[in-house]
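In what comes next, subunit A is part of two complexes: it sits with subunit B in the first one and with subunit C in the second one.
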Partner chain A sequence: MANALVSRSIRTWYTQAASGRWTVPTFIIVWTVVVIVPLFLLLLYSFLETKGFKVVWDPSFHTWDRFFETGRWTVAMRTLRIAIGMTVIELVLAFPFALWLAKGCRSQGLKAILLTLLTIPFFLDLSSRTIIWRALLGSNGVVNTVLMELGITSEPVEWLIFTEFSVFFGLAAPYFATMVFPIFLVATLIDDEYLDASRDLGANPLQSLFLVIVPLCLPGVIAGVVFTMVPMMGEWVVPQLMGGGKVNMIGRSTEDALSTLNYPTAASLSAFVLAILVVLLAALTLLTRRRGGIAGLFEALKL
Partner chain B sequence: MTQREDDPRIGALTRRDMLKTGAAAGVSVAVAGGLSVGMTQVAHAASDTIRGYGTTTVQLKDWSLFNKSTGLTMEFTPTDANMGNFMRDVTVNEVGDTHDLFFTDGGTQYKLGPEGFYLIIDEQHPELVLWERTSDNYKRGYITQTPDGTQYGVPMVNNADSFGYWPEAIGVNPNGLEEVSWQKLFENEDTLNRASIDRNWLLTMPEVAFYMQVYGKAEIVDNANLTPEEAKAVGDWAIERKQAGQFRTFHTGFEEQVQLLGNREVDIINCWEPATKNVNAEAGADVVRYAYTVEGYFKWGIGAYIPTQAADRDNLDNIYKTLNYFLDGEYRAFQAIERGYGGPNLDLGVKYAEEVGWPADQVAAVDAVQKKVDTKYEKPFWENLNPDHQESMEEEWQRFLNA
Partner chain C sequence: MSTADAHAGAGLRRNQRLRLWEHAVYAPIWRPLAAWIGLVLIVLTYIPLVWLVVMSFSDRPLSGIPHPLTLRWYDELFATSAWIEPITDSLWLALVVGICCVLVSVPVGRAIPRLRRRGGVLLITLLPLFVPGLTMGAALFLFIRSYMHFKLGMWSVFVGHMVWALPFAFLLVIVLATRFDHHLLEAAEDLGASAWQRFWQIEFPIMRPGIVGAGLFGFILSFNELLRSIFLRGTETTMPIYTWAQASSHQSNVPIIFGLASLIFGVTLPIIGTFFWILFSRTGQSR
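On to the complex of A and B.
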């Protein structure tokens, strides 16, 4: 009798949960506790200040004033510029490669080798991989030595290292795979019959690419952009080693603030970037409104 | 239960408070956490391993020497010289839970001592046999005590920092004895885009301020303890130099110092003296030099401090045996030879070198280290790593970095 009651209760709960009656409230509660409250605290912290390694509970705009006066906001903007620019570059490089890997590469052995090679960045320490470039691109490095030996330059090319160019260069390899994998996975799901149908209906290769393949790959592109751009915004190993500390990005600036236990400034940096990301997300939502919003793009996966 | 503010165990209790809170949320989590702490304590009590945490250059290059002399094993977690990071790790990350000794620049005890993160040194501890013969010049004062005379640290090494350089590149005598001006690092046509400075505001900003002070570029009272207005003046001038192209790069750690100087990526760099020794070990004897300066030096000393949590463990005898080792001849002789560092009881270092049969030139080199340090200390110097307005200093330095 008791077992039957318990069983019925569980069944009732499951039915209600499956119907969405509890799902939404549960999600809202968990999301509020795990995400919204910490974000609120982050924002609150940005209105406090630190004195002598201690946070002073005296709300003011002091931290935000200093945030703009000391140029920390430019760090956030530079970080965004580099992250967005590099993400676009990665997309341009990764999309054709991922598409070829998914649809063009006929050798399963070669495909397996290439996929394995793409995972290498995940196994090696980033600083170890990056420091090698300094030896190659430095004033007395291999590249400059070769350039001078060949008579191409008479003295070392110094902008190869410790510049924004070298930061872009250093970021290219570590974040290539994070763009390739999602696009590759989505591209493999595209039924070849769609491509045949497109061709049968008279579309040329470019039309098939932009009217069939690209729309169907959008979920992978969006995932690739997220997996590439978001971690890149917190990057500080490459900017330090390749930029020589001259290309200050938000990860390092936040670390600097934390080194004086200056949590309010670290919070203001994070809040500022978060606000910009919200604006970008809103813009993306507006742009994709005609296709049913961002969620609508993922409908392609149902095909 | 009310916790008194002067309770020296406040820092250590923080973790337990968190575990209690965890218990309210989930007993299993708290038990797991408690077990892990308990197991750590048992491991400390049961083993002859000393776990050290701090500035990497206080290390012996071969810790087996320490093992042979004391029967103990050193497990060292190296850090850079960023005092802010160190204080964060001690206060927030509570590395004292897992380490027996901290090694860092003098000054942290001003804050971390009274706030209960360091144990007061037991000067009568039976393992600390060399304490009595150690000169007050070393064991008392800025590196190891608070202004009220409370003893929180044991002195390890000291030096006077300046910069390393390639002599012919900056146009000075290669014998290394010529006094070189800080002007070569900060404001010189010959070293434009050939200089590197440490990215750490706490190290470099007082150096820039010192140069400005000496040459009247700004009204600065204490270059190591800048007011917000002075910090702004230093920031403004440093930005001018940055925009003039003086600095090729801003480095962050010891390894980077060695690489930049060793690869000749730069000709002059404010660095630790051991960096020049490492470069010379690879590139040839005395090819780079560590500067005797015209104007003065950053005087510093590193001490060893016992985390408060160590009081809960049963390896305090081993900790004091380790502290005593740092006062003895073997450690002193190797620090002198390997790093060029001075420190307490250098006579024991010379005695050790003679007894184990080091060549005469090496014995002389050990002896010369103290003379070198003393010579540098005859010049003006600064030593404060505990400025009153560190927030404004850090922010002005950020302005410089972001310019």
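On to the complex of A and C.
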């Protein structure tokens, strides 16, 4: 009885949702309220100030002035340095691998295994995966113990943990897949005829690579950069656990600012990240425009 | 031409294609190097997972050396109950997020590919994928707490999780809905099927991987979400917040976390592993 009632109401709800023209507009309105409005508010707050622990409505550039003058600028630059450096490293590592996975991997089974292995970690908690590196790289951890047992060093190697190096190291694995997947998807879509044609026209392998494959992969590369660099700029777990409080990035500063109720400063830090996101997204839109924009990528995925 | 010939022909063409790519891109050094890079990074990804499990049995887990072995940490884990409330809260929340992801992403996601101008809608829908968790968390915090003056709690964590998980659900549903052949529905309508029959008997079976995936994504993304939760939690504690608090605080509780994380990995790994294995090996075959 109750069962029949439930199933009927699901049916009614679904039929209305499916046929109604209001489904997408309603969703977009709700989504705008929970996503777009808060992000705009964030930008707005970065032009306000706090007086006596209250945010005062008096738009000015004070917060931004202080952003550029104080230690926050150092933190922002360090964040940018780590994010750009690591993104370049990931790109160099991921590009050949993604091409190989898309076109060079002969076994379908191996391909499915590799894709699965790359996807799984994304769904696992990052802090417990990162904390373990301390036990491996710490001054009395496994690596140092082995190095000293073998007599390679007499003192433990200290720069393995709680340095900028260790932050880089900790970011390498979690952000590899975010670079591989977009390039992989775009590379799968490349028509092999292009390569055939470029060879017939007398291009050598290097020319084929840089004049045909790389340009065709460019939207994937930019998407990979967006998916890798932007989240990395907001990264919090890895710099905290691998940097041990010595390598502060924007994430930590934002949290500090929020917990001291300094909302405008927190907003300006996040707005800095958003600005970089906007630049990268604009580049992506421009690059994909010729192929029908971002929607075109989905059409292409029809396979 | 018989089917066997056709298959042989296709096989030959595939080999030719592969050789073409190898010739162009993987001239001598590249090919093995490319594969090795991926292997090294995958190993680097899985070392912490494996070592975490090994260390949860080690007597001195913080030394990273698996000797001597002990079950002490698991005993201590089950002796305390501090983690039970966070994990139940997280499970309930993840369940609700997963169900809501399906309920929203299916009707909306299947409608989006039918829009005439969908570029802008897609961009807005998928935007949270690009925004770092911290930024989105801070933005929602300012909006809810400082601007609207609402009290934070599980409901605001839920909003944060939906903003994070829904775009992933959309990705799956939109890809499947774009592939979907709408002539099937028209044919069914001509044959007199009701709207519900058209959905339940035709669209649903074809969209099933997307629907299952949307729910699964919602569940697992919510269960592991940390950055947005931290800002939106108010006084609530979810599982990742608990783990994070223990991991970033000093030493003594860390070994227990190893045990707890191992148990959680033990449950989640097989589920997502199987799901993606099926997903990827199927798409591989269809090519």
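Of note:
The criterion applied here is as follows: the second predicted complex is superposed on the first by the 202 of 303 C-alpha atoms of A that agree within 3 Å, B and C clash if a C-alpha of one lies under 4 Å from a C-alpha of the other, contacts with A are read in each partner's own complex, and residues count from 1 in each chain.
Everything below uses one rule, namely that a residue touches a chain if its C-beta (ideal position, glycine included) is under 8 Å from a C-beta of that chain, and two chains touch if they have at least 3 such contacts.
Note that the structure is a prediction, hence the values are computed from the model and not measured.
After overlaying the two complexes on the shared chain, residue contacts for A:46 are found with neither subunit B nor subunit C.
In the superposition on chain A, A:240 makes contact with both subunit B and subunit C.
Look at A:79: by the touch rule set out above, it reaches neither subunit B nor subunit C.
With both structures placed on the common chain, the touch criterion links A:115 to subunit C but leaves subunit B unconnected. In the superposition on chain A, contact of A:158 is made with subunit B only, not with subunit C.
Set against each other, subunit B and subunit C touch different numbers of residues in subunit A, with C touching more. Contacts of A:140 after superposition: both subunit B and subunit C are touched. Residue contacts after overlaying the shared chain place A:258 against subunit B and subunit C alike.
Annotation: subunit A residues 131, 134-135, 138, 140-141, 240, 258 touch subunit B in one complex and subunit C in the other. Of all the residues in subunit B, the ones that touch subunit A in their complex are 82, 84-85, 87-88, 91-92, 111, 193, 196, 199, 201, 247-252, 259, 263-265, 388, 390-391, 394-396, 398-399, 401-403.
Interface of subunit C with subunit A (complex): residues 17-18, 20-27, 30-31, 33-35, 37-38, 41-42, 44-49, 51-52, 55, 61-65, 104, 107-108, 110-113, 115, 118-119, 121-136, 138-144, 146-147, 159, 162-163, 174-175, 178-179, 194-196, 199, 220-221, 224, 226-227, 230-231, 239-240, 243-244, 247-248, 254, 257-258, 261, 264-265, 268-269, 272-273, 276-277, 280-281, 283-287.
Only residues 49-53, 66, 69-72, 74-75, 131, 134-135, 138-141, 158, 161-162, 240, 244-246, 248, 253, 256-262, 265 of subunit A touch subunit B when the two sit together in their complex.
Of all residues in subunit A, only 11, 14-15, 17-19, 23-24, 27-28, 31-32, 34-39, 41-42, 45, 55, 93, 96-97, 99-101, 103-106, 108-109, 111-121, 123-136, 138, 140-143, 145, 172-174, 176, 180, 192, 195-196, 198-199, 205-206, 208-209, 212-213, 226-227, 230-231, 233-237, 240-241, 250-251, 254-255, 258, 263, 266-267, 270, 273-274, 277, 281, 285, 293-295, 298-299, 301-303 touch subunit C in the complex they form.
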